[in-house]
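Chains here go by letter, A, B, C and D, matching the order in which they are written, and residues are numbered from 1 within each.
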Amino acid sequence: MISMQKVSKVYPNGVVAMDDLDLEIRDGEFLYVVGPSGAGKSTFMKMIYREEKPTGGQLLIDGLDVGKIKDRHVPKLRRQLGVIFQDFKLLPSLTVYENVAFALEVVGADTSSIRKQVMDVLNLVGLKNKARNYPDELSGGEQQRVSIARAIVNKPKLIIADEPTGNLDPETAWGIMEVFEEIHRRGATIVMATHNRDIVDKIRHRVIAIENGKVVRDEEKGAYGYDV
Amino acid sequence: MMFKTSLRHLREGFKGTLRNGWMSFAAISAVTITLLLVGVFALVMFNINEISDNVENDVEIQVFITRTADESSVEKLGQNIEQVPGVSTVTFSSKEDELAKFQDQLGDDAAAYGTVEKDNPLHARYIVKAQDPLELEEVAQSVSSLENVDDVKYGKDYIDKMFAFFNGIRIGGLALIVGLTLMAMFLISNTIKMTIFSRRREIEIMRLVGAKNSFIRWPFFIEGLVLGMLGALVPILVIYFGYDVAYSALQPSLDQLNSDIFKLIDPSTLTVQVSLVLLALGAFIGIWGSTTSLGRFLKI
Amino acid sequence: MMFKTSLRHLREGFKGTLRNGWMSFAAISAVTITLLLVGVFALVMFNINEISDNVENDVEIQVFITRTADESSVEKLGQNIEQVPGVSTVTFSSKEDELAKFQDQLGDDAAAYGTVEKDNPLHARYIVKAQDPLELEEVAQSVSSLENVDDVKYGKDYIDKMFAFFNGIRIGGLALIVGLTLMAMFLISNTIKMTIFSRRREIEIMRLVGAKNSFIRWPFFIEGLVLGMLGALVPILVIYFGYDVAYSALQPSLDQLNSDIFKLIDPSTLTVQVSLVLLALGAFIGIWGSTTSLGRFLKI
Amino acid sequence: MISMQKVSKVYPNGVVAMDDLDLEIRDGEFLYVVGPSGAGKSTFMKMIYREEKPTGGQLLIDGLDVGKIKDRHVPKLRRQLGVIFQDFKLLPSLTVYENVAFALEVVGADTSSIRKQVMDVLNLVGLKNKARNYPDELSGGEQQRVSIARAIVNKPKLIIADEPTGNLDPETAWGIMEVFEEIHRRGATIVMATHNRDIVDKIRHRVIAIENGKVVRDEEKGAYGYDV
């Protein structure tokens, strides 16, 4: 599904965030991306949904060279995947309901089906009673769950989750992981950057460790693997 | 674009105006103030133009009739003048009328000239107006070649200067209106740009969630339209009712001057036209300001 | 406030203007456009006012001298008139001067009156100007009671109307300038408010980190000052050099009219004054706009 | 140091985030605040630095009734404590250096001493080489560390840390905890909301668990205590 060949990313200020990275992510895979703070995990994921363009190499999604597609084709790409942003990126002027519905509106879904799907997914992340609230009336963890809801609401084939449990207590985090597992079982590919050792160690999947923009470890059913 | 999507854009456009309450208010009041200025100046300029037209149309050719012409040939001359192309009205003023006017002018001193009355030295005249004051010269020339015309006078230098002066005023007025309109456009689109600039993060998020540019643009289009039209509302009301009031207050005292020149333009047609122009201007600038400024935030 | 803190505020104020590049530019251009408008209209109004003054000062009293007065008593009268309080200039116009003027007016018809020359029926006159045109009536009355005065004329009705008209123009002009200034103030402070509104989250963070309101306010104060003064720059330059150019272009052709009335105000003093007023206005509105709009974000 | 008596907080939208909470925090204590997402941990902390006013009860800091102090005295209160916000709250138009220096400038420190203190604390959180970068050029964890640096730079007696390790990998998180421990040893009081089971379980301190705006557990040297 995703194939990276010698992908590199140098930010305008000269920081090398990705350094000739080679990687294959197969269809239906569940991939943990781990690594220290500032290693390049978010950069790695931003390139997949084309928030950042690689400055070198080739990044193919289903054969499509993401670094080279025209600007006007980017929305189509993004609508096919669900992204959970590290900083949530909720629209402050929309309610929780509207924020989640937005992801369906952009694909032109029916108003009636929107309603049902949004309420279902809000129920799933435990925020049914916050549907009418605005993001700044929510706790950190609640905002994170809205971001998760928005990412999964239109059942994308590929989910990019950047630190999706960073603001959640372990119990809620496990609940979210169950949702991901369920989505994964139904065939979706999941790429998840995380610092959560417990989760990586207990729910075993392929783990890649990034350090200084390079893959330093790549294990099927791996563990978090940083000892303290 | 599907129907339900259009509905959504419409809804979001209106909601957007409400959500950004304070910013919308600031934008609307910028529209209000600048359009009010444009509208009021437009009215003033239209009226100055009208009065200039009136003055120009009031310009006359004095046709002095030869002292020897008898009554029937004077009448004949009058008919001939009327035939001249470009002539609009012809009025006769007899020797006696002229003398009366002259004595009027002299006032107290007139008595001293009492003697001239019995041997009136003045010419009878035809006073001729042209359909188009700019053709005055041609008309005067045609008339001067007619029989029994002693002399033709129309103050060429004076009239040329006057026309140049009025043209200056017209051009100045037009420049002022155009300038004010451009200024209004700049200020309004500036303000609207600021409201959008302050929402650039939102726009960025929309793009990250996969919204197409058109999907983002339409609500802003509607919002710009709403801002522009709401902003045009007050100027339109002020002009619609205000001009009526001003007209009713000023015209009567101008009427006292007993002149065809100082006639303000009738409110009925003018205000409707100006109002429509303001509405269109508001709507146009609103849309223009909001959609053009979006561009720079719609780069992926 | 300590010295190093003041320095910091100054530095941050300037930096803030730079950091918010686009917003600052929008605010500055709003200041530029509106002050330009105010400045140009102020110049126009000052000149219209000047010309009105000139016209008013040009108003004369015609003093008709009794036909029987001999040369010495005419001279005596002239001296007496000069003594009347409020009189500024006195000019003599003999019977012959008057006849020449009269014949000038008549033009071609003058020949017909050839006979009157030998028995000139006109009065010799003194033409009197008042120091203050508003005191014309009193002056006229005082003069009329002098010896050898046959009649005094100064077109009371006409002059009253003219004064009323000019007063109307003055009041209208003042209202326009005040209105434009208020408009400028509103638009500018509106724009500056928007730049600050878009930074309300930053202000909130500053407060959360423990910044006192004054600590937050000073850099904005400086920033408003900078925005206002930068915005006033272009209008000042335009007015300073533009008025000079306009003056040099217009005054010569006005001078051809050979009249004391159409004298534009000399650029040297006027432009400096108007420029200073614009600078002060820009600075004031800038500060006012930025500090007042801060208030609502400085509630803890 | 902090004493809460029947403190309650009802948000304008009717959410009861704090429900008659009684609590004493002694001088020099290290307190973990745990609890599920949306339990009221952040609300609890916001009331201490007076971002939110209690709607009932009394909250005293060093004898000062925080809910009742005049608005103009609030900056003084806040300057005496260091707050690490759950959403970082960095000034986007200032560099990392300037963001941290800001906390010293508000107290009117000397320019020369500012320079040294800021660079020292940036070194401590491992961001010396990012001093000239702007917040949006940083990774999530780096932003979080800037927020931490700003909170501790003027050596406050009381540190309020809301989820300070949520975006950090375990290793960096332990590094930050060492900094906190050091500050705590020097006598500062630390109140830290966290979801990090490892940290709470390994570095034992007093733990209070909040659920639905109530303290449901209060243990000296307690454990995180939510089983999954």
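Heads up, the rule we're going with is that contacts are C-beta pairs under 8 Å (C-beta built on N, C-alpha and C of every residue); 3 or more make two chains touch, one makes a residue touch a chain.
On a predicted model such as this, the values are computed, not experimentally measured, just so you know.
No other pair of chains has as many C-beta pairs in contact as A-D. Taking each chain's centre as the average of its CA atoms, subunit B and subunit D sit 68 Å apart. Taking each chain's centre as the mean of its C-alpha atoms, subunit C lies 63 Å from subunit D. Annotation for subunit D: no residues touch two or more other chains.
Annotation for subunit B: no residues touch 2 or more other chains. Shown here, the protein chains touch around one cycle, each chain meeting exactly two partners. All chain pairs in contact, by the document's touch criterion: A-B, A-D, B-C, C-D.
Partner subunit B is touched in their complex by these residues of subunit A: 49-51, 71-72, 74-79, 83, 85, 89-93, 102-103, 105-108, 110-111, 150. The touching residues of subunit A, counted against subunit D in their complex, run 11, 13, 15, 34-38, 41-42, 86-87, 133, 137-142, 144-145, 162-163, 166-174, 195, 197-198, 224, 226, 228.
Listing the residues of subunit B that touch subunit C in their complex gives 22-23, 26, 29-30, 33-34, 37, 108-109, 112-113, 115-116, 121-123, 151, 180, 183, 186-187, 190-191, 193-195, 197-198.
Those residues of subunit C whose C-beta lies close enough to touch subunit D in the complex are 2, 4-5, 8, 16, 19-20, 202, 205-213, 215, 299-300.
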